[in-house]
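Next come two complexes built around subunit A: one with subunit B, the other with subunit C.
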Partner chain A sequence: MNILVVLRAVRDPAGFTVNRKAQKVFINRERFIINPADRNALEAGLQVTAGSVTAVALGGETAGEVLRQARAAGAARAIWVRLPDAAPLDAGGATAVLQRVIGHIGSVDLVLLGAEVLDADLAQVGPRLAAALDWPFMEEVYQTRALPEAGLGLVVRAAAGEYRLASAGGPAVAGVVRDCNKPRFAPAARIITLYQDPRAVEQLSLAELGLDEPQLSPATTIRGESFPPERTLGQMLAGDDAPHELARALKES
Partner chain B sequence: MDFTLSPEHVALRQMIREFCEQELAPRAKEVDRTGQQDPAILRWMGELGMFGIPFAQEYGGAGAGEIGYCILMEELDKACPSTSTIIGAHIGIAAMSLYLDGSEELKHRYLPDLCAGRKIGAFGLTEPGAGSDAAGIQLRATLEGDSYFLDGQKMWITNGPIADLVMVLAVTDPALGARGGATCFVVETDWPGFSAGKPEKKMGLHGSPTSLLNFDEVRVPKENVIGQVGLGFVTFMKTLDIGRVSLGAATLGGASAALDTSLRWVKARSQFGRPIAQMQSIQFKLADMAAEIEALRSLVYRTAWLVDTGRPFVREAGMCKLLGSETASRCIDRALQIHGALGLSRDFTLEHGWRDARIAEIFEGTNEIQRIVIASELLQEIGVRIRP
Partner chain C sequence: MDIADLSALLGEDLGAANTADVWVALPAAPSGGELALVGEARRLADGLGCYVHAVVGDEAAAQAAIASGADRAHVTADSAAFLAGQQPEFVLLPATHDALAAGLAQRLQAGLITDVRGSLAIEPDTRALLAPRPVYSGEYYLDLAVTSAVKMATVDTRGWSAPAADASRSGEVTLSELPAPAERWQDLGACDYQPPAWRPLSKARIIVAAGRGVHDADGLALAAQLAQTLGAELAGDRSARDSDWVDEAHEVGVTGQEVAPELYVAVGIRGDTIHNAAITGARKVIAIHSDAAAPIFKIADVGVAAEPKELLPKLLAALK
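Here is the complex of A and B:
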């Protein structure tokens, strides 16, 4: 069973501060991490002992780095679609590339990706990829399991505190919930071996996938950024007089 | 000159740091209070390769070299000094003596288990009558047939109560003494005649068990000699030389943790209507700590690089241990002052950090011994030899 996990490198939230007054983001440290929910998706894939996980990432050096981390954690294969750092893809571009990657690999039974992305709203990639492939998209996935005879099963949340084991009956794309599992630590020897192996991460160019940059240019452009107003803390009212006090406060506001 | 870590070492640090922050730091107070690290945590660390970080992969190690090992010790000591001491004694001196001078047969027999943490090692040098004067050891090894019989005591042995293997120095030829008459052995602690004493009650490092070791005519086969008969003292001194580098790395961790804790506190704590970070008296302490830590970091990692590239490192190794232990004690003490009364609270990390740091000026060669080592290397360059 071949599981493809899509990884995105995002800025480490500990490496920047948001100053609302100045309407600015200050980068304190240039550090990138695997998007946290993608790390949970990788773990969900690695937990299927009968499966083989291929990690894929699109982008510049940071994408290559997250793929080496994925290999060290246990992914059997990693594919880096190398793009210039300065050419960010939007969800449409990423979908087009991933569709070609799946065609390139040949047989993929399941695509896992994090249900939320930290740095840009690319949570559309999962559903759009499923639509492009004409595969079902499963949301709220907590776990992946190998099912006897039925291929891969997904544990999805049906309602608060209730989970259901579902099978797509064929290949599917699934959005894995952040913090639904505890990502494993990579063994030290594997880190050293894989980082010293230049073939640990396979590289693919857009040309090899039959694509070129203009085809992938974003449909939208970013004109500027602004920040929502800061939320202020509420006030606790206690005692018998609380309803009257609340009414008074509401009337005055 | 390139002072950057290799990508594999950066990734290794990241993994170890996450493990330490998530699994070790939250339990450090408990380890100090109960005097025991959870064996399940140690097993997990073994599975991740943390018990054999520097050694070659053919012996079951991670192949991360001395630099990788220093990274491990720095991160461990930041999170839990007791655990870092268990690992330091296990890798830095016990397994290291075997790795440096053991026969291929002996290394293949014991190192895979040591590297995976399935067996824990201890290093037996100090005796009731021999501390800084390591050459004064009395533990006797007598050859009878194809075995040696070991008789005597070792004292203050880190990991003593939990060790499965002890690398021990014993006198094989009393006429020659330490120089030419001492031999190094690997002893399995379940062999008849061996016993470990009760864990000592120490000021700090409560989770790192220390004890006396009793050898009552313990039969050790000849194959378990590390290196050559009569040259055990050389093996032990070589091991201690290299161990000082990683011990310096551990003290670097302790000192950095004190600075990190202080940086968080000075931002959060206000007095006279402003955060104490705004006070010059606090700023000076922070600056002194940062400068000393940076100097130590440069020294430790440069010395690790000397080791990994096969260059001479003995003088620098002594400096790592000397400068490191004193820097850590000073930095933790300053951090305690910055934290005021909170620094003394048993609910807070600095209190045990302060107690844990003190031993680094004593074990693995007191700082007085380090000064002698450094001076002896210095004077040798101008043709002066220090008499022992």
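Here is the complex of A and C:
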């Protein structure tokens, strides 16, 4: 069973600070991580022992980096669709590329993506891809399992709070819930080894997928940033009575 | 007189103007906030001089949508298939229907902004749909613009109040014959999945979180004692995680857990952006830190600038 996991590199929140008063985002350190829910999606794919996981990422060097981490964590194959970092795709563009990647791979039984994306409006790629492929989409998946007969089952949460197993009976796309599993550790030594292996990550260009940049021109663009209002300090306690006043405040809460 | 009556007097065909109208798709039994989305559509449509169409699941919702500002309501069992056949220009849905909206956006080749906070706008010159959406758990917003022929947005209507219903408003109700969409998933029954073994912090009512400002294991033990006294979950910020005082499941922050307790007590936490953004849902924040200039105090309801290891024993005694 072939499982495709879509990974997105997001800026590490520890590398920037937001000053709402100054209405600015200050980048302290350029560091990227795998989108947390995508790490859970990768782990959900790797837990299917009868499956073979291909990780895919779109973008510049940061995409290549997250793919090496995915290989180190256990993905059998990694596909890097190289794009300039400066011109990120919107959800429609990313969907078009992923659709071609699936055609390029040839046989995919399940596509897993994180159900939320930290830094951009890209959680919509899952349902968009499902619509483009005319495959069913499952919104919040907690685990994937190989079914005894054949095929893959998805663990979902029913309205009553119990977990149930669902099957599409064919290929499907699913959004994996953040923190639904504990992602496995990717050993640093293995990541370094993969850096030295040029075949560790397969590279594809848009042209190889039969696409060009004008076809992917975004329908949604970023015009700027805005900031929610600041939460403000209520009351500062001081002096010898502070512990008692604080105890009172805690009891009243 | 509303716009539907006016168009009837002028002999206009309401249906003929569909391509430039504002459409709202509502779930079955829409909440007050979701009906308020019809009011938002009305505001946009009045600016453009066009109509508001509501796509709903039943007759009662159709009447509620008309009373809330829609000119025409369409009752259908498959709102996505119905809208896909309409070629609308603007489509709005509640953010609880992000997946439905994204699938529809793909079918309509539309740009979509999900989870919009605040109000929408339409740029007069370009007719681009403009809206802010949160990133990094609401630390800041991206101001996005949709410029495709069909423009869509899903809007977070939580906290919106129900619109003032005007029962005197009239509008046309149409019934669509489309069947309900076929179920594409087979339920194979209950299963034994167990979520990772932690009590999710996101559901905790009271949280005491420790940071580097408690200094050492003794300081952490005092914070743990406070947590026990208050019946709270003990957690930490990223510095506490780095010191191995808490695991990933108990790290409060954008990279760990976002929390929304009734009471959040930050002990020795400076309060950097990734921490503070993750507690924006907390109803009350109490902060203890030795540095009076620590950013945590900017967002605290009650703050004490004191060394936690000195203050906590006195506080624990006062709580007894």
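Here is the rule we go by: the second predicted complex is superposed on the first by the 222 of 253 C-alpha atoms of A that agree within 3 Å, B and C clash if a C-alpha of one lies under 4 Å from a C-alpha of the other, contacts with A are read in each partner's own complex, and residues count from 1 in each chain.
Note that in this section a contact is a pair of C-beta atoms (placed from the backbone, for glycine too) under 8 Å apart; a residue touches a chain by one contact, two chains touch by 3 or more.
Remember, predicted model here, so these are calculated numbers, not experimental data.
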> On subunit A, which partner touches more residues: subunit B or subunit C?
Replying inline: C
>> With both complexes superposed on chain A, which partner does A:I192 reach: first (subunit B), second (subunit C), both or neither?
In response: first
>> Let me test your reading of the model: by the given contact rule, A:D179 touches which partner, first (subunit B), second (subunit C), both or neither?
In response: second
> Is A:A207 contacted by the first partner subunit B, the second partner subunit C, both or neither?
Replying inline: neither
>> Touch test for A:R68: subunit B only (first), subunit C only (second), both, or neither?
In response: first
>> By the touch definition at the top of the document, which applies to A:A159: first (subunit B), second (subunit C), both, or neither?
In response: neither
>> On the A-aligned overlay, A:R223 touches which partner chain: subunit B = first, subunit C = second, or both, or neither?
In response: second
>> On the A-aligned overlay, A:A22 touches which partner chain: subunit B = first, subunit C = second, or both, or neither?
In response: neither
>> Help me check something: in the complex, which residues belonging to subunit A touch subunit B?
In response: 65, 68-69, 72, 185-189, 191-193, 195-196
> In their complex, what parts of subunit C are in touch with subunit A?
Replying inline: 98-107, 109-115, 117, 130, 132-148, 184-193, 195-196, 200, 206, 230, 238, 248-249, 253-255, 257, 262-263, 265, 272-274, 276-277, 280, 284-286, 288, 292, 297-306, 311, 314-315, 317-319
>> Under the stated contact criterion, what part of subunit B meets subunit A in this complex?
In response: 6-8, 11-12, 14-16, 18-19, 47-50, 53, 57, 61-64, 68
> Which part of subunit A faces subunit C closely enough to touch in the complex?
Replying inline: 12-14, 16-18, 20, 25, 33, 36, 90-92, 95, 118-121, 123-132, 136-139, 142-143, 145, 147, 153, 155, 162-169, 175, 179-182, 218-228, 230-238, 242-244, 246-247, 249-251, 253
